[in-house]
């Protein structure tokens, strides 16, 4: 990280401007409500006061499909009395007739109309309902929903994405320029080549299971990229590989990957589509078939890399029973214990994603691992600061510490 | 006849385990099919010949029990059935046990549900499980079902100040005004105890956050086992106690039988379902022990050679 | 060229979706693309089904081992497809839900798929036992920790745990096994899960960027394949 | 060898038919189509036992169940994909004629033509089937991978990174700290006591911290760093052991369900 000279000025500029934009453009909230006027009264039954101070505001950071309403409930809407049974919202669309758009329970004081259209103007009113009568509030001023192009409420998410993503890209760039980066060894991955070699020696096949999810799960993609590395070795050694899958798209991708490995190894004639077979999309139907394959074909090595659910242990135990070397990896925390218990090597969570980068020995991919570590360092620093602040705020009631915790929680909030 | 079955299967299982343990002293591995056989026996035998094990209530369960036990007679308790048929096998037993306990102590019960599917379950369990044991209990005097209202947490937000506003009538359209139970009950704050049974959202957690905390009403919860660990942070500050899964129900039932012996004759699904669970857990733990014995004896033998 | 276009597509789509999160008019893009994915996946079914049928027909033709069972697969597949696509026996006709109660499709699910599915699932009860027997051995420090945690939790889930430690007074009640089990679930288990989740999220971020930037491109196959 | 196989098959068929007859007989009072119901329940039981037989060894019964399962379930999901995705989500957006054929309400919209994109990509994917068009099927793959990468980037960052970090801001003195004096005068080791809840917070803080160090790639795990990473792996092992133990109960329940089905619905020996 000494070679600071190699940060491209373009990146720095981009980062700084975005930061500035986000902070400067942070919006201000809060408007004074107008005084409401009671426009309509009814004397048929019980008299109640109408809701007042109705205001309509454009909902911030939307595509122009929402308007927020706020009002002060009728002063007769008290707990236990029950004369006000609810509220009714009326809307005039482009000067048309007022239509009911919602009925709300008593005590309600706000509503979000999520059915507005850009370019239309609306006028709202709200009525307090009693048993048989309505008491209308003031009308709002006419309002048109607005479209915002950037969602500033997500500015912290954007900054964090920029920080973590930027670190990954930065280190990929550093590595591309030829700087050597250190990455420690990962235990399970050392075993991959041995496991392939073992199958070759024994003259038995390798079974590759990419999980049971489709291509829309990153874990499947991680499994497949590892397959890309393994299949090169397999093509070199000319070992038999079999890959049953539970999704048609994964079958397509798997074939593409293995085929190209055989081409790179210079023996495309050895490749066959039969290496990758679709079984069924059904979780346990797939498991039943794979279990059958295991006990009948007796593979020497089994790879379980991808997204696994309850079937993890069924597969791993059967693999163990037939005496195969098993290398597993998943990012589903609930299934990791079973892989740890039944497999020879397990890639835990993040290691699954790091594995393909590690196996490729491509400096750019290795650089991205370095970027991930920046994310971890950030996480650790923030956690330490947050915990210390929370502790001090709690123990000695230091208000600055409590507000620091609040700030951190705002930044690291998901909404 | 039943007892003979229980004894034979217990002898078979425990005797088998001891034999395996002795064999393991010679570092002999156990075939996995033998393990499978034991698991099968451990689960099947208690289903065929129901066997119950003595449960002793843990503090979290006992707190709920003691709360209901120590309320003065005639107190009003609200039970919310916040679950659906899929969750029912796990939480139905506790709903039954708690309702019976309240009746036994002479408390009045208000039944309700935050789940649309809960209302059907509610009337089913009332007629099938709860009322048959208490023929003397009278609708609207000793208990009332106000059913389900849509609105999730919104419902809770309203009933914490006014129950009638959300539930003008009970399930049979009787106005709440005319129901004796509600004479002194206006809002959730007037209740003596609330028990929410469920596992999803809305459910026990919402009861704690929207009613228990702001209204300062004691709330107890019964949840599915997977959810239980998430509820512990609220205990004992914000909730009276937790019943977690089948085990929680079993503990409650055993406490019920211990204090009120007449419950021994009623069905105890929680205790019954714990039979296969307990035996299977014991078998698995026994095999962990056997595995370690095999391992250490084997290692010692290697050293000697 | 053959290689550049797919790389560009990935880059374009990936970047677009990342930025769409921050741009309200593009908010629904992610949802729509998920739907697009589902639609493409249905087209892919043709490839999968074709493959399934081809494999079993060729097994049958060549009289490979177990060819007789391939007939079972083919008949099951054909029959289910027939009753599902034509909604045979569906009380509501073509407009009704394909899984409406009473339809043949639903009956097949109830009496064929469901028992098979839940029995396969139930095999876990056996495998949990055999895995515990083999894996929970005090081979080294890590394995010992694994073993002890599992044992305490197992004990805490049975009446045995309470019976063994009921004599411990309330002031030391954390040492009662059921309490200890709960405490472990809420402390160590929580911490471990969290560390794993944070790691995973960073792994996914880096992996996504590698794919979008084309650093990872094995899925594209070789340059010269036709 | 052959002879015993045939004999076994005959015995199993005989038992099957016997169970069918008995089952149909016991159902005859309750339902009109008791012959079919009797068959269906017997068949479910037969499939259940066939799968369980795999625990002993691979055998023809299991092979039968397995092959039937694969065929039926593959078609099941294909039909579901067709009816729920194509008929309910695609057709209403693209064709009024087809919508009325399938009796689904059309969903008109200004941007519906975008839904031709997946259709085109889907067709490109099928180009694999022609020997020369294989390369073009990489386009839909590239599209899918771009979608997955783009969607998951923000999704994971938000729910796993950001949320897990802010959840970890725990006060190390516990949430009910009332000063040192109060702490020492109420010192005990009860499960709900202050010391125990405090300890849990320490474990969460240090556990997450050391766990992250274990995953750190760009530093050799030596010295103090190595020690922390060692603690990290211990925390992970405790996590794995605990969740393993905790899951057992759910797994046993599944088996209870199956065995209850056999004993109650099929054999009727328990009520």
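Here the chain labels run A, B, C and D in written order, and each chain numbers its own residues starting at 1.
The working rule: a contact is a pair of C-beta atoms (placed from the backbone, for glycine too) under 8 Å apart; a residue touches a chain by one contact, two chains touch by 3 or more.
A quick note: this is a predicted structure, and the numbers were derived from the prediction, not measured.
Trainee: In terms of C-beta pairs in contact, which two chains are most connected?
Mentor: Greatest number of C-beta pairs in contact occurs for C-D.
Trainee: By CA centroid distance, what chain is farthest from subunit B?
Mentor: If we average the C-alpha coordinates per chain, A ends up farthest from subunit B.
Trainee: Hey, how far is the Cα centre of subunit A from the one of subunit D, in Å?
Mentor: About 19 Å, centre to centre.
Trainee: How many angstrom lie between the centres of subunit A and subunit B, each centre taken as the mean Cα position?
Mentor: 35
Trainee: Could you work out how far the Cα centre of subunit B sits from that of subunit D, in whole Å?
Mentor: 26
Trainee: Counting only Cα atoms for the centres, state how far subunit B is from subunit C in Å.
Mentor: 30
Trainee: Could you say which residues in subunit B touch two or more other chains, in rising order?
Mentor: Residues 32, 36, 39-40, 43, 59, 247, 277, 280-281, 284 of subunit B touch two or more partner chains.
Trainee: Can you tell me which residues of subunit D touch two or more of the remaining chains?
Mentor: In subunit D, residues 51, 54-55, 63, 65-66, 69-74, 76-78, 125, 128, 138, 141, 144-145, 147-149, 151-154, 156-157, 159, 161, 165, 168, 175, 191-192, 205, 208, 212, 215, 236-237, 239-241, 243-244, 247-249, 252, 255 touch at least two other chains, as defined above.
Trainee: Which positions in subunit A are in touch with at least two other chains?
Mentor: In subunit A, 157, 161, 164-165, 215-216, 218, 221, 249, 252-253, 256, 278-282, 284-285, 288, 333, 336, 338, 340-341, 348-351, 354, 369, 372, 375-376, 379 touch at least two other chains.
Trainee: Using the touch definition up top, name the residues of subunit A that touch subunit C in the complex.
Mentor: Touching subunit C from subunit A are residues 61-63, 147-151, 154, 157-158, 161, 164-165, 168-169, 172, 214-216, 218, 221-222, 224-225, 227-229, 247-249, 251-253, 256-257, 259-260, 263-264, 273-274, 277-285, 287-288, 310, 313-314, 316-317, 320, 331, 333, 336, 338, 340-342, 348-354, 356-357, 360, 362, 364-365, 368-369, 371-372, 375-376, 379.
Trainee: Which bits of subunit D are touching subunit A when the two form their complex?
Mentor: Per the touch definition, subunit D meets subunit A at residues 51, 54, 58, 62-63, 65-66, 69-74, 76-78, 125, 128, 137-138, 141, 144-145, 147-149, 151-154, 156-159, 161-163, 165-166, 168-173, 175, 177, 205, 208-209, 212-213, 215-221, 236-237, 239-241, 243-244, 247.
Trainee: Can you check the complex and tell me which residues of subunit C touch subunit A?
Mentor: It is residues 18, 21-25, 27, 34, 37, 40-41, 44-49, 51-52, 55, 113, 116-117, 120-121, 123-124, 127-128, 130-132, 134-136, 146, 193, 196-200, 202-211, 213, 215-216, 218-222, 224-225 of subunit C that touch subunit A.
Trainee: Which residues of subunit A touch subunit B once you look at their complex with the stated criterion?
Mentor: Of all residues in subunit A, those touching subunit B are 79-80, 82, 85, 105-107, 321.
Trainee: Mind listing the subunit D positions that touch subunit C in their complex?
Mentor: 40-41, 43-45, 47-48, 51-52, 54-55, 63-86, 89-90, 102-104, 114-115, 117-119, 121-123, 125-126, 128-129, 132, 134-135, 138-154, 156-157, 159-161, 164-165, 167-168, 188-193, 196, 199-200, 203-208, 210-212, 214-215, 232-249, 251-252, 254-255, 257-258, 261
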